[in-house]
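Read from first to last, the chains carry the letters A, B, C and D; within each, the first residue is number 1.
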Amino acid sequence: MNGWLAAACALLLAGFLPALLGVCTGPLRRRVLAQNLATVLAALVMLLLAQGYQRPSYTDMALVLAVLGPVGTLVYERLLSDELRAARPRPRVTRAMTVLGVAPVPLVVIPVCAAATWGRTTLKLLFIGGLLVAGSTLCTRALTSPPGGEG
Amino acid sequence: MAGELPVMAALLLVAVAGTAVVLARDPVRQSAVLAGLGLSLAVLFAVLQAPDVALSELAVGTAFTPLMVLLSVRKVRHNARRSERREEHE
Amino acid sequence: MSVLPYLVAGWLFLVGCYGLTTSRNLIHAVGSLAVCQSATYVLLLSIGYRRGGTAPVHSDIAPGSRPLVDPVVQALTLTDVVVGATVTALLLALVVQVSKRHGTVDPDELRELRG
Amino acid sequence: MSLRVRMWVLAVGGLGVALLLAGAFTHMPDFGGTWHPYGTRAVAEALRQHSANAVASVNFDQRAFDTMGEQAVFFGSVLGTVVVLRQAGDEHRTAPEPAFVSAPVRRYALLVLPVTVLTGLYVIAHGHLSPGGGFQGGVVAATALHLLYIAIDYRALQRVRSLTLFTLADAAGEAGYLLAGLAALVAGAAFLENVLPLGTFNTLSSAGTVPVLNAAVGVEVAAGVVVLLAQFLDQAIVIEPADGRGHRADGAARAAPEGGRP
């Protein structure tokens, strides 16, 4: 087992597992927020696995997840917006969730980029990283915005 | 043995998520947990060296299944409310 | 250790059956059935796994350079994941129809309605 | 059956299944072992047929007939859902209400929509080379279309989504798979046999009929998922049961046979 796989394991147990437990318990809004976080972390685990197994083609999984993950979260926002916005979260929670959903992305994507051979793979990795950051920020914002906040 | 650590971790996640899906009795909450199970399964498939299957599970589990369940819940609730109104009417 | 993945598959199947039996909502029952389905995926892929192997996909590795896991079980599982989701859709459609007819999706209440 | 009896039946049955499974698991080949007779042969055959992705080769070449069955189950499920959820005689359609979606969500969705469609097409097109294929890419591409519903509203989706066209595409995908199989018969080979030239290994035009069948499945799955979700969206959003008059008529119609029975 190399360092990348160890990192993937650590992220899985220290990041994804708590997020999964957040999805399994609590009120609906916390579950959806945790699900959004779990999507981002799972995509990062896929990137680490791709590097750890020396298989660039595994990054396709992270790509599909980065593209579809926010869609899954926005489905809840769209169909259950009344229930989700019944209570307004504290600003601290919003900030914490935004940071948790964005900060790990560069921490994983930059080292993986540095280790991968320069070329198409690097562009793909950066693209996935950008999608993850944009999707995660947007979903957290949409889920925590006050009721009637359409601009 | 240490090489199998990712597989063991992913198996643990899948077992936890699968149990949680069954224990979540409210269908809306269950659909969120079901999406979590889909993610855990995708990670397990990735460490079992089956990226094709993981892609399949991701495509289906992240958006398609939750959307279907939530739409069904919406219709079912609508029908239940209507049925209550009808009973009150009679 | 060598049977742990099989045990997880068995656990998922049994826990899904428990959910099906005790369900008070047909939509919840469909979700529990999805857990039973996932048990088959875990079992099949565990059988095909090979220690130190990698995916039987040669777009980024040279053929024969690394040991490979079994592609046959992966092919079986990958089609079933998508086809299983549409079968879930069919079941949900039936649940919607039941609720339209009877106004409830609780199996116990439905049994009373039928008499 | 009361809940208590049911729990007893479940406990006895579950225990029996658990014992049988435990017995079977101890006699199964060890997890992670090196003995994979079918796998080894399937990989060798995939390489012989110039298919970089052995899984796609198993699906669309070595076991293509089996995939036809899977595809038929898919087609049947979509058809069944369409029949079960069709608009009944006493139901009517209402105009979907416009929705208010915040501007950032709308911008994000409209930017990501083409990216998602392209990802889906990429996954379908490279199915015989890298991980992916018609089943996965089809779902991704079909999900992309529903970003319109999520980001704008149902009317926007309805305007873009011609259900007739997607129904036809679903049928065309299913038929295309069969026709590709029959074409092999015309060429003098067995049904669904790989008859096209095999091409250069690990390029888009390799592996003979695999990309063709893959594309047929991709079209069918994408169109099928759109049709499937359309039924659920229609039921949840636009189809309303008849109110008032139709309602009472429904009640009267149900009361009549009951009143006539004794």
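Just so it is clear, a contact is a pair of C-beta atoms (placed from the backbone, for glycine too) under 8 Å apart; a residue touches a chain by one contact, two chains touch by 3 or more.
Remember, it's a predicted structure, so these values are computed and weren't measured experimentally.
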item: Shared chain contacts [chain C and chain D, defined touch]; value: A, B
item: A-B against B-C, pair bridged by the larger set of C-beta contacts; value: B-C
item: Mean-CA-position distance for chain B and chain A (Å); value: 17
item: Interchain centroid distance [CA atoms averaged], chain B/chain C, Å; value: 10
item: Distance from chain C to chain A - Cα centre to Cα centre, in angstrom; value: 24
item: Residue list for chain D, restricted to those that touch at least two other chains; value: 32, 53, 55, 123, 130-133, 135-136, 139-140, 143, 146, 225, 228, 232, 235, 241
item: Residue numbers of chain A (touch at least two other chains); value: 53, 55, 57-58, 60-61, 64, 68, 71, 75
item: Shared interface positions of chain C, touching two or more other chains; value: 1, 4-5, 18, 46, 48-51, 54-55, 57, 59-60, 69, 74-75, 78, 81-82, 85, 89, 92, 96, 100
item: Arrangement of touching chains [line / ring / star / complete / other]; value: complete
item: For the chain B and chain D complex, residues of the former touching the latter; value: 4, 51-52, 54-56, 58-60, 63-64, 67-68, 71-72, 74-75, 78, 82, 86, 90
item: Chain C-facing residues of chain A, complex; value: 53, 55-58
item: Complex contact set, residues of chain C against chain D; value: 1-7, 10, 13-14, 17-18, 21-22, 46-51, 55-60, 63, 67-75, 78-83, 85-87, 89-90, 92-94, 96-97, 100, 108
item: Residues of chain D that touch chain A when the two form their complex; value: 99-105, 108-109, 112, 115-116, 119, 123, 130-132, 136, 140, 143, 146-147, 149-151
item: Residue ranges of chain D in contact with chain B within the complex; value: 32, 53, 55-56, 123, 131-133, 135-137, 139-140, 142-143, 146, 225, 228-229, 232-233, 235-236, 241, 247, 251
